[in-house]
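Sharing a structure here in structure tokens format.
The letters A, B, C and D name the chains in turn, as written, and every chain counts its residues from 1.
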Amino acid sequence: MKLQGWTLPQSATGRSSIVAPPPWHYSGEIIAVDFTAPPDVVAGLLPQGLEPTPEGSASVVFADWCSASDNDERVLADPGVGQYHEAYIVLHATRGDKKVGRVPFIWVDSELSLLRGQIQGFPKKLGQIAMTKPITLGRGGVRKDRGSTFAAHATAHGRRVVTASVSIDGTSERLPRAATLPLIHTRLFPAIDRPEPSVHEFQLGAIANFECGTIYTGSASLELGATEFEELAPLGPVKVGMGYVFSMAFSVMGGKVEPA
Amino acid sequence: MKLQGWTLPQSATGRSSIVAPPPWHYSGEIIAVDFTAPPDVVAGLLPQGLEPTPEGSASVVFADWCSASDNDERVLADPGVGQYHEAYIVLHATRGDKKVGRVPFIWVDSELSLLRGQIQGFPKKLGQIAMTKPITLGRGGVRKDRGSTFAAHATAHGRRVVTASVSIDGTSERLPRAATLPLIHTRLFPAIDRPEPSVHEFQLGAIANFECGTIYTGSASLELGATEFEELAPLGPVKVGMGYVFSMAFSVMGGKVEPA
Amino acid sequence: MKLQGWTLPQSATGRSSIVAPPPWHYSGEIIAVDFTAPPDVVAGLLPQGLEPTPEGSASVVFADWCSASDNDERVLADPGVGQYHEAYIVLHATRGDKKVGRVPFIWVDSELSLLRGQIQGFPKKLGQIAMTKPITLGRGGVRKDRGSTFAAHATAHGRRVVTASVSIDGTSERLPRAATLPLIHTRLFPAIDRPEPSVHEFQLGAIANFECGTIYTGSASLELGATEFEELAPLGPVKVGMGYVFSMAFSVMGGKVEPA
Amino acid sequence: MKLQGWTLPQSATGRSSIVAPPPWHYSGEIIAVDFTAPPDVVAGLLPQGLEPTPEGSASVVFADWCSASDNDERVLADPGVGQYHEAYIVLHATRGDKKVGRVPFIWVDSELSLLRGQIQGFPKKLGQIAMTKPITLGRGGVRKDRGSTFAAHATAHGRRVVTASVSIDGTSERLPRAATLPLIHTRLFPAIDRPEPSVHEFQLGAIANFECGTIYTGSASLELGATEFEELAPLGPVKVGMGYVFSMAFSVMGGKVEPA
């Protein structure tokens, strides 16, 4: 190719490309809430080959990320580019005899994350996301400790899609399933000249360097909102489970694909 | 497929998909400015097979769009979804014996437009775009008439990328080349498991229903800004040509692709 | 004063001030819907001396404004500064034997409008506002004509506060009351060193140059949303009346104040 | 008063008011850079009675705040309301024999902060602000430690106004002057019916509960941008001094006022 760039826009140098290829690194603060929904509704959001758990288990995850890219130093250096918030649903599922996760809906507040996610098969949309962030000095915020409540909400197209909170009353040695289930994504890029997509395949991320801080746990609240553009509302009213507040980090080294 | 949707997110109904397939319809207000840049710099932004004009001619186009989709009535019905602003550069080029246009950089302020554009090969990034809009009553704004100045600017990642204005002093029967050159796009979707892209092809839109209102013309100003993330600055300082203010509408019925 | 500026920030020149003093000029596109609410709820949002109408009549108004300032040419010249959207409620009321209007809640998407409004006593908050805008060419949008539906919505702090639509089926010679009732505002600026406010007075704007285009009318829909930060929800579920779509322009030459 | 609320909008309960009266609490992450500018330019931005230092010393401060309000529990509870970023200039000055600070320009990305600031006399405008935030796990971001670079930038009306960075190479026992100089603000609220302002007075905040974490120091970069709406550019090109990265917390209990 004369023009360079892993994504558009391409140029002679490739430096205008929105996304550079992996490895990508992530360090974030997480607020997560487990819930269960009617298993048949969960099943309706799973692709071929994935089955819901008998109880219809799932999680909502909010994340406040810093991200970096080995192939683009600007992502770490410019504070306006690599940082973002996201909110997503993880449906707990089985694929054959394996426990897996599936993200049917996800919102982010960043161009880089939106497109980097689409390449991996995360079905990212833009949204406005707010999360309690932990403080260590003074009285202006909330400490990551027993007795604190961490809240989070996400809005898309002017409608509140997710509202959640976790009131910390303990810690856990066990990672929440939302953080451990390997995610099965669908990479999908439509053709413009025929009905069949140009790309339609499963993708499993190659994750490395996973780290996790103290996992604070507690009772939680969760509300999924009805909108014209998403199909979240059928999942609710959900039965709310445990909530989690923790720091997490990992790297995406690439991924492997399978026919979808 | 069990799950439906032309793009992610997929669901049982397909109604969560960000983009529905064409036809797509566009009605907009345009502010455009012709300019010339060093032909070798223009050449550096053109893909294989396209040559700059001898004078390095190009245009900047700002558009305030309303858009609609035959396959998703929500795009027209919800005023927060189908409307958007965009700013882009069109390089005037030749491909063999044909005059064509190439968009090396474009910014929009809408999720739908960003992804609909990427599918066509428009190298869309997110930006904040402001344009003088014509009024017909009172003194709060600017009328589309002789003596008026229409201004526009675009900002990306906190840096002003384009600042332009047109001071109307007449009208023209002739459409600006920015509106008539057929655009050659590159559809590019990277693979996640190998260096070669999954999709890399030229795309030419199938345009129909073209309409244009009175073409107001006048002297213009234009400034391209330096940023860490785009490679606009080498095009400047540009020699500024004619400016245009007009209404335009068309439909995208699909497109045809060629090997890139 | 050594430093100049009608508002902060002040400087030697006064050119950093966010707002310049009136006259201010407005040209806009309006979508309005009449409704009635329980008169006692309306009464609870009216200041001393204002009474609700027997039927509890009120209106919602969405406006897409271009604005200009005689004392700051930048407001007209920079398209990013003087343009904004707003959404507000007007309660229809009587003050002695006069018919007046009162704006209990209003949202705008502009810094200039927010602060210019606070100075006049408009209780402006920031919001995200979307409105169908009329097109004249093509199929990308909606024409201001019989058979068209104009929609609008406003969101604040991530919650939808107002959702409205008007389906045009005729025109009217008579201006909607939302556009004709003189508005009684409360200018309120708190003190920092004592409980009593530094400024607390009624304000009536001095309006001039009023112009109005064809008034399109039709059946309407309206939904007021519940939020943690506004007290709109008690007004509903409202009884929806006539809807209006029209262009409007006027100037604010200043105002007169009275004890509140 | 029949209607309640420290600020607009007022209602029967007062719960719609944008701002509740102090005490207000703040916990934040700070990136600050000292600089010097021509003393006569600094003098031109100081109000009557304040003199620049002989060297024209000043600082730029970026802050990522969590805030809370004793009189409105929602500010702490809703993560979308009390959190914000700000960027400001502090001019170092003398007032008689006292060392004081003056903030001529400040940008925030929050409605609450904008109006809470205007009440205190902070000349707050809206802006888009990005700051490196410290991480403690993984490789997605930057640790608050020797060898790290913290960057920050602010954009207003589509123009970059401040770009700064600090490369940490040590720590200091001494607080930067930007954090210790008592700030002299001007509370200014214009009248609408006469040229003289309704409120024009100096304000000094009553600060309590000051806390500060480890003060990381290092070499810094700083660039002030030219815009149509601010008068920053005359301060530059500045001579850049020491940079600082630290956590800070304090409470505003109220303030006292003096004739301006």
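Simple rule for what comes next: a contact is a pair of C-beta atoms (placed from the backbone, for glycine too) under 8 Å apart; a residue touches a chain by one contact, two chains touch by 3 or more.
The structure displayed is predicted, hence computed values, not measured ones.
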item: Each chain counted as touching subunit A and subunit D at once; value: B, C
item: From the options B-D, A-B or A-D, the pair that copies C-D, where over half of the contact pairs coincide; value: A-B
item: Comparison of B-C and A-C by number of C-beta pairs in contact, larger one; value: B-C
item: Magnitude of the superposing rotation for subunit A and subunit B (Cα, nearest 5°); value: 180
item: Furthest chain, CA centroid comparison against subunit B; value: D
item: Subunit B and subunit C: spacing of chain centres that average the CA atoms, whole Å; value: 33
item: Whole-Å gap between the CA centroids of subunit A and subunit C; value: 39
item: Residues of subunit B touching at least two other chains; value: 78, 80, 128, 130, 153, 158
item: Pairwise touch network: line, ring, star, complete, or other; value: complete
item: In the complex, subunit A residues that touch subunit B; value: 1-3, 5-13, 15-16, 18-19, 21-22, 44-48, 74, 78, 80-81, 104-106, 111, 114-115, 118-126, 157-158, 186-193, 195, 197-200, 203, 228-231, 254-257, 260
item: Sites on subunit A touched by subunit D in the complex; value: 25-28, 65-68, 76-80, 82-83, 128, 130-133, 135-142, 149, 151-153, 209, 211-213, 247-251
item: Residue ranges of subunit A in contact with subunit C within the complex; value: 128, 130, 153-155, 158-160
